[in-house]
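Naming follows writing order (A, B, C and D), and every chain is counted from residue 1.
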Amino acid sequence: MHIAEIDQITINGDSPLHKARAISKLVLTTLLLTSFIVSNELLKLGLLIGLILIFYVISKVRFKQVGHLIIYPIIFSFIFAIIRLQQSWDLGLIILLKSLGSAMSVVLLILTTPYVDIFAVFSLFMPKLLVDILLFTYRSLFILLGQINNLLKSIKLRGGYHPFNILKNLRNIAGAFGVLIIHSFEMSERMYRVYTLRGYDGGIPLTVDLWPLKRIDYIIIIIGIITLLGTVTSWNL
Amino acid sequence: MESLIKVQCLKHIYPDRTQVNICGLDFIVNTGEKIVILGPNGAGKTTLLSHVLGLLSPVEGTVEVMGLRPDKNFNIIRKVIGVVFQNVDEQIIGPRVYDDIAFSLRNERMDKKEIDERVKNVANSLGIGNLLDKIPHYLSGGQKKKVALAGAMVMMPKILILDEPFDSLDPKSKGEMVTLLKHLNEVHGITLIITTHDINVVPEIADKIYVLNNGNIVTYGTPKEVFSDVEVMKEANLEPPILTELFTRLKKKGYSIDIPENLEEAEELLISLLSQQQVQAST
Amino acid sequence: MESLIKVQCLKHIYPDRTQVNICGLDFIVNTGEKIVILGPNGAGKTTLLSHVLGLLSPVEGTVEVMGLRPDKNFNIIRKVIGVVFQNVDEQIIGPRVYDDIAFSLRNERMDKKEIDERVKNVANSLGIGNLLDKIPHYLSGGQKKKVALAGAMVMMPKILILDEPFDSLDPKSKGEMVTLLKHLNEVHGITLIITTHDINVVPEIADKIYVLNNGNIVTYGTPKEVFSDVEVMKEANLEPPILTELFTRLKKKGYSIDIPENLEEAEELLISLLSQQQVQAST
Amino acid sequence: MSHIHLPDGIISPIWWVTGYLLCFTILFFILRKLDGEEIRRKVPMIGIVSAIMLLGMSVPLGIVPVHLSLAVLSGILLGPGFGFIAAFVVNLLLALIAHGGVTLIGLNTLIVGTEIFVGYHLFKAFSKKFSQMPSTVFATSIALVVSMALTVTIVGATAGLVEVIPHHHDHGHVEEEILIEEGIEETVVEESIVSDVKYMVFSGWTALFLILLVGNALESFGTAYIVRFFMKIRPDLIHQVKQ
């Protein structure tokens, strides 16, 4: 499960980027994304990717760990790029770089900022209940992941999983999800009860320190702004 | 003295029409007591606790906590009762340990500084002060139990309800939990209500035992009283603690010996018996 | 004789980079043995079992079951090993008890009639013949464990692996489970590998104990041998069973007495000691 | 669940901004229409169903990386309103791991939301006449076709028809080897990448059509098996029954 895996990397990360506040990183990501979206020049896109790579180096996440996470968006941008390539080389490459870059920007964010911190920033402008649902999804994901893993293990041990017999697997895996849904429905009722017991009335409070911004945060934001400005202004080389 | 909790001949019907009766003797808890509820799987222990907490409403019978019906006075009762359910994963809400412990306090809109102080105090007293900014699902089972306990303790409840608190803990963690609970009771005067299948810790942790079986509270009393009622115990699928059983058997064989509460006592009793024998025999 | 299972200095890395070592002594299981694995929470007991089952692949070290690597020969190994995991709710897949017990057989495309026969036989021998058309979800904890056990037994495995089989069972169900497991071992010659935190049942159910701690198998031996190694036990967060501890203490005080396996033995030993004392003293 | 797997920067801003606006408007009304107590009671369930959708996408059905997406199922469990919220949550979380662009969250939520809406109502309608197995199969299947068509239309209208790669979740998910924890997974990954590209680019539309058909059938029957399973045990879980 990618989300669980990423979460683990993020939680254990230790770099200036990991220490920076969530807000500045979200701002940076937004600015980088905007840069990739508005830019249509190969050179600029290339430089932008270079900048992101530098951020990756600073973040100290090992490529071995995250490489396969970026593969997925790469495949998709690749498909587009190839189609475009049939029209023009440049266009294809631009598409490739744009999608690659925007995917890398988002992955950079998620690899350096725990989900909870991101949700905390969301809570500044999102309805409380929506943030609660996000937090619940995040928590349940880990609880249910353990359960479905056990169910699948058991299916596998009892000969219910054949790499090539998809129809049979479909039935058995559907059974596992059936069990999971029943359990989780009961779990949701128990959860609701305990939460009201503890005074839940909509709005799970978060203590993520969003403020004050530190020096590193200003640096990050300024780099982001400069990048965007650099992207939108036309260069006269 | 008014009793803190009083349950009389409860009847509950779950949505799927499973009917649970908890009749027979009354379930009464007084301030400061350590109560253990025993009974076979499915006897209704968790159901009883849910009623005390006001999470369920009885079809018949009365449930009173401090003279109030908990289901009708949910928002009063929930502040005086802390609870740790069996599956702690399902009750940890906070995205971080700190948030989770602070959850109830924040819902009371308490002052930020006081929250901080209380959270840290509780966490330190339970030995999880260093976990405050961890994300709960990366903790071990025992740590999660302590976080849940801290979340309950932070409201400084009068009553603490624990459903199977020793489940799947290793012996050391279990010992720590026992010590902790006894400390909370002795030092902070918190009334404890505990269910467990781990019968061997019961003598140490219980002032009073209630035994549920077949829809009835079939007996109650001190551990010694209850465990010596062999008939009732057997009927309720229960076995007395090993030491109780061993010493009861010795007693039956004609040796005059007390029933010990824990290992230390057992050792002392045996040794004094052994030396008595010597003395007796030699005189 | 070739050993049935052999694990040497295992190293496992979970996807999240948690590294689990099970090094030190070798883990060896011979046919017909009853093995119990002890160790604190997070020691790697479940991880070890998953490797034996071929569910995980070691990064380093060797795992052999009947001379084969279980991960590479998963489809052979899984037929000789039956498993009951800790949380039976997460392994019962059939919508009815019958379906669940028949699950493996159906996956082998066995003849309908034979399936029926086998399922009924196993169910009857575990005393759940009357539950076959029940929905597992609504069974009690003990009944669910038996259903899971039946689902594992129906393939007539040589080895049965049980991760915390006594968890959250009431004393009677626990006793039944112990009897059942011993019966499977004695009558059907099934090799048992069990993990548990319930140390008091260990002397009764174990021929050999392995103790895991801090990434190592730190000791192994008969219950008597292992439990008397106080240092190792303490280090691994373990406590010896109550009776073992009590009798060891008596021994230390100078009484010559054996260490009992169960209550009956303990009683006998004590009584004979007591009467000896009398005799000794009076002579 | 079909959703647009386009990265950011390809679809023109007018479209995705409109998508966002529409999505937020719908969310706003859903959240407002419900009184506090009802939705609060539902918060854990919505979170859990969202998590189940994410899990469905991460369990491969075999060595070929196809898997379930369970959008219609979540509609059957939650109803279309809460289902829409779940769709938003799922797409948001997916976008955060770069499965679909951040700019496309709005559009993707609309597409999945539509699938849920259509699936739920069809299921409800069919259930009056047929038993739950065929009802689920048809409802899921049709809902999938609808959302697929929607995807094609949107992508076609916005990015030029050439790039229309309607993507049912039945390939290319290189992720999550819950089941196959060892050995085989490496080859799975390699193969799927290669086969994806091959199918998409070289074998053209016929292959694509076949894949979609198979994907549709798997999803429909998978959903039906799940529904049949819990109908035996907890029929009350179906949203409409409770109404």
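Going forward, a contact is a pair of C-beta atoms (placed from the backbone, for glycine too) under 8 Å apart; a residue touches a chain by one contact, two chains touch by 3 or more.
Owing to the predicted nature of the structure, the values given are computational and were not obtained by experimental measurement.
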Interface with the most contact pairs, given as the two chains involved: A-D
Distance between chain centroids, defined by C-alpha means - subunit B, subunit D (Å): 45
Centre distance in Å when subunit A and subunit D are each reduced to the mean of their C-alpha atoms: 18
Chain centre separation (subunit A, subunit C; CA means) in Å: 41
Centre distance in Å when subunit B and subunit C are each reduced to the mean of their C-alpha atoms: 28
Shared-contact residues (touching 2 or more other chains) in subunit C: 55, 95, 137
Where subunit A touches two or more other chains, by residue: 8, 135, 138-139, 156, 175, 178-179, 182, 187, 191, 195, 200-201
In subunit D, residues with contacts to at least two other chains: 229, 233-234
Pairwise touch network: line, ring, star, complete, or other: other
All chain pairs that touch each other: A-B, A-C, A-D, B-C, C-D
Residues of subunit A touching subunit C in the complex: 4-5, 8, 12, 146-147, 150-151, 153-160, 168, 172, 175-176, 178-179, 182-183
Residues of subunit C that touch subunit D when the two form their complex: 55-57, 71-72, 95-96, 135, 137
Complex interface listing, subunit D residues touching subunit A: 5-10, 13, 27, 31, 36, 39-41, 43-48, 50-52, 54-56, 58-59, 61-64, 66, 68, 70, 77, 85, 88-89, 92-93, 95-99, 101-103, 162-163, 165, 172-176, 178-180, 184, 189, 193, 196-197, 200-201, 218, 221-226, 228-230, 233-234, 237
Partner subunit A, residues of subunit B touching it in the complex: 50, 53, 55, 74, 78, 83, 85, 87, 89-96, 98-99, 102-104, 106-108, 135-138, 151
Residues on subunit A engaged by subunit D in the complex (per definition of touch): 1-3, 6, 33, 36-37, 68-73, 75-80, 82-84, 87, 95, 98-104, 106-107, 109-110, 115, 118, 127, 129-130, 132-141, 144-145, 148-149, 152, 156, 161-166, 169-171, 173-175, 177-182, 184-185, 187-189, 191-192, 195, 200-202
